[in-house]
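What follows is a set of structures for review.
Shared chain: subunit A. Partners: subunit B in the first complex, subunit C in the second.
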Partner chain A sequence: MIKYLFNFIVFPGFLFTAVIGLAASWIDRKVTARVQWRVGPPWYQPFVDLVKLSIKEITVPKSASKPLFFFSPLIGLSAVILASTFIWLANMGSWSVGFSGDIIVVLYLLTIPAIALMLGASASGNPLASLGVSREMKLMLAYELPFIIILTVPIIKSGGILRLADLVLFQEANGAFVTSISGVLAILVGIFCMQAKLGLVPFDMGEAETEIMAGVYIEYSGMLLAIFKLTKTMMLVAMPVFLVTIFWGGFSIWKYVILLVVIILMRNTNPRVRIDQAMRFFWGKMTFIAAMAALLAVMGM
Partner chain B sequence: MSKKVIPIGPYHPLQEEPEFFTLYVDGETVTDIDIEIGYNHRAIEKIAESKSYDQVTFLVERICGICSTSHPFAYSNAIDNLLEIEVPERALYIRTIIGELERIHSHLLWLGLAGHFLGYNTVWMWAWRYREPILDIFERISGNRNHYAMFKPGGVRRDLDEADFPWIKKTLKGLIPKFDMFKGAVIDDPVIRARTEGIGILTKQDVHDYSVVGPTARASGVAIDIRRDDPYAAYDRVDWKVITAEGGGVFAKAIVRILELYESTNIVLQCLDKIPKGPIETNIKDMPVGEGIGRHEAPRGEVFHYIMSDGGNGPARHKVRAPSYVNIASNKKAVIGETVSDATIILAAVDPCYCCTERMAVVDAKSGTKLMDGQDLIRLSQEKTARMKK
Partner chain C sequence: MSLKLKALTKSIWVYHLSTGSCNNCDIEILDLLTPRFDVERFGIMLVGSIRHADAILVTGALNLKTIPRVKAVYDQAPKPCVIIAIGACACGQGMFKNGPNTPDPVDSILPVNIYLPGCPPKPEAMIAGIVKLIGKLREKK
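And now, the complex of A and B:
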């Protein structure tokens, strides 16, 4: 029991992932700044931001449904902590606490932050937030379909393994899935879905600052906003590591850094797309490629 | 989904100036729009009546921070028109150079903002970075990066130093590859195209109906440009062409502005080659009684200044009409039927400048009722003109 709590709260759950995530978000901000001819923040900036936000006043709109407004940030945070605990432990051999089917549990857990965000935003009763919610919801419907399809690729290729740790072991023995055609296609789709799940440009229409003024986050302030931001930062760790785990033969720092660089580049070389364009993209091209990958996996390629 | 109101403004990250668009939306589609301006009225025209002619040049320069030379340009043209004097050749060339350099930096600023509104912050930062060399040129020429204080009725205040010309030419020529980069980024980038093409369309008929001016009109294929239609300064002495595009959407507006960057560079380079030696100002002794109008093709379209003189030290009546005033109204046509995500870039595509557009109304602060609106004020103004004509 103590071990589980330790795993959940300190390592590799909450504290560990949060620290890595904040460091990663600093890299993101620094690289973005350099790309844009700016100087960029010092390394401790994300930590300072978080601390500053936490001690600010929390304002609650009159029209808000209060319990939901207060609890949805916590729901999102706990889901991402649990998901990252599972994902990290799967990469640590004997530490693993996974069970058969934990890949499906993690899949669900990774959708909860977005759902919590929508719950909180719609609880705030702000029209701009509800516009953000409707976009976020459409976006989620769009990217979840190809994302679920590509998750079948490692399961098919490994002959039906549903346990994350066993998938890592299988790849260690038989080579990473990404070395096959179906694996390449799958991780390609996975990268786009990851960008959308992280809510970064070109898929940040849910919070589109210049259109709907931070949309879903508009009524959040202080500690509650800090928790949402922290959730997003931790997703910046959980999602890439999840992709590395199931497609790329387990975690290593350089694999994570490569995916991080891809995320940063994509977000700095694209404008925000419109929600209908995003849906067409995910339900059209991405679903097609994902289905191709699954088909190729069945054929053993 | 029920009908909802999305407010853009009075304080909104879309624009750094106060303005208020009320979007009535059905889901994501905009069904109606209300445009409200007037949050930052500064009574420039009234202040102008209490200043001397020379001081007004500095006053109108402060109407807008971006196109800070457009207003002195049009104002000087108006005074020259009132005095019916010949401005020295060299001064005309210097005016042209300043006006065109300003167009370059204003269009680059718009390009950056457009990128920002689309969520493409890299374009924003890059466009503004390449705007810096232009501001450096201004600093070398006039000592100021933005309010150049170069204009005066009958000439210019400060001469250009021939020793700076090679450096200015080199800086401008060095910018052309950067413009190529932006042109490529807008025309070739599939995502930018997908976001901007076919939205916010103004047809030729709409342009006429709303009397739209400047790049906003030229993007709909209407070739209006004061620089060519009513030549002033040195625009008829250099070789250039009016840029137009077909389509009338946001994409066409971006293309027009980007191609105008090349034309403006071209004009400045030609002026630097052709500029004659000679005086830069005329000595003005007396102001006659009369009226003068001045026009200038500002980066956003035609700026119009009207001056009425009663023979005194300053204008008896000064009227300014800025291009954004007509352009912003065309948003009503362009935005309805589009989605909220496109609305922001469409509203921004006319390159709106609110500070030169403000109009006022007189409101009783206690009850909030409107005592006088624009119509009443126009009537007051006309009555005053009638009194003075007697």
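And now, the complex of A and C:
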């Protein structure tokens, strides 16, 4: 019991993932600044932002539904902590942890932060927030379909293994899935879905700060906003590590850095797409490629 | 210096509030955020929502239409929050001093922390003013 609590709160759950996520978000901001020919913030900037937000006043709109407004940040944060704990433990040689089917549980846990964001934003009663919620919801419907299809690729190729730690062991024995054609197609789709799940630039229409003023976050301030930012930061760790775990044969630092660089470059070289373009992209091309990958996996390629 | 004060002065998110200005000061504020001056080095970012703001940049002479709206915006801002009056109009009404449509100067409505005069002030002048404001805030507490 104590061991599980330790895993959940300190290592590798909350604190560990948060520290890595803050470092990653600093790298993100610094590289963005260098791409735009600027100097960029100092290394402690994301941490200072969090501390500052947590000592500011929390304002609650008159039209808000208060319990949901206060609890939805916590729902999102606890889901991402649990997901990252599962993902890290599967990579750390603790082969006894997890259970058959935990890949499905992690899949659902990774969708909860977006749902919590939608709940909180729609509880705030702001029209711009509800616009952001509608976009976020459509985006989520769009990217979940190809994401679930590509998750079948490692399961088919490993002959029905549903446990993260076993998938890592299988890849250590038989080579990573990304070395086959179906694996390459699947991780390609996975990278686009990851960008949409993280809400970064080509797919950030839910919080487009130039048109709907931070959309879903618009009514949040102080500690609650800090929790949402922390959730997003931790997703920046959990999602790439999840992809590395299921397709690329277990975590190592350089694999994570490569995926992070891909995310940052994609975010800096693309404009924001409209919501209908994003849906057409995910339900059209991406679902087609994901289905091809699953078909190739069935054929054993 | 305490961690609280350091965090508050190292990460200032600004909200841009135009109260009927001629857009000259607004353009200079946008210049301040471009790569040439790069205020993100000091943790200063432009935010779109007043709920995220730590500093409100007020430009323009307040007129009858904007007075109630400015009051509402200030009430919605999470405290602690500083007010920075930018430009001659926001500091002392400028050429609109005796105008029938502009009865009150900004500092009779909002507790202004620092005045940055000029028509418009240069980005360098704004940076100098904000540095002085940070020094004042750190001394006071």
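Just so we're on the same page, the second predicted complex is superposed on the first by the 299 of 301 C-alpha atoms of A that agree within 3 Å, B and C clash if a C-alpha of one lies under 4 Å from a C-alpha of the other, contacts with A are read in each partner's own complex, and residues count from 1 in each chain.
One rule holds for everything that comes next: contacts are C-beta pairs under 8 Å (C-beta built on N, C-alpha and C of every residue); 3 or more make two chains touch, one makes a residue touch a chain.
Computed from a predicted structure; not experimentally measured.
Chemist: Which holds for A:Glu219: it touches subunit B only (first), subunit C only (second), both, or neither?
Modeler: The answer is second: A:Glu219 touches subunit C but not subunit B.
Chemist: Applying the document's definition of touch, where does A:Ile55 land relative to subunit B and subunit C: first, second, both, or neither?
Modeler: second
Chemist: Considering only touches as defined above, state whether A:Thr269 meets subunit B (first), subunit C (second), both or neither.
Modeler: Touch status of A:Thr269: first partner only.
Chemist: In the superposed arrangement, which partner chain does A:Thr210 touch: subunit B (first), subunit C (second), both, or neither?
Modeler: After superposing on A, A:Thr210 lies in contact with both subunit B and subunit C.
Chemist: Just checking: does A:Pro41 make contact with subunit B only, subunit C only, both, or neither of them? Give me first, second, both or neither.
Modeler: In the superposition, A:Pro41 contacts subunit C only.
Chemist: Which parts of subunit A are in contact with subunit B and also with subunit C?
Modeler: After superposing on chain A, subunit A residues 36-38, 209-210, 213 contact both subunit B and subunit C.
Chemist: Would you tell me which residues of subunit B are touching subunit A in their complex?
Modeler: Answer in residue numbers: 1, 4-6, 12-14, 25, 27-28, 115-126, 129, 189, 191-192, 194-195, 339-344.
Chemist: Touching subunit C in the complex: which residues of subunit A?
Modeler: It is residues 29, 33, 36-42, 45, 48-49, 51-52, 55-59, 209-210, 213-214, 217-222, 225 of subunit A that touch subunit C.
Chemist: Looking at the complex, which residues from subunit C come into contact with subunit A?
Modeler: Contact set of subunit C toward subunit A: 3-4, 6-8, 10-11, 35, 38, 40-41, 43, 47-49, 51-52, 54, 76-80.
Chemist: Which positions of subunit A touch subunit B when the two form their complex?
Modeler: Touch residues, subunit A against subunit B: 32, 35-38, 127-128, 130-131, 134-135, 201-202, 204-205, 208-213, 268-277.
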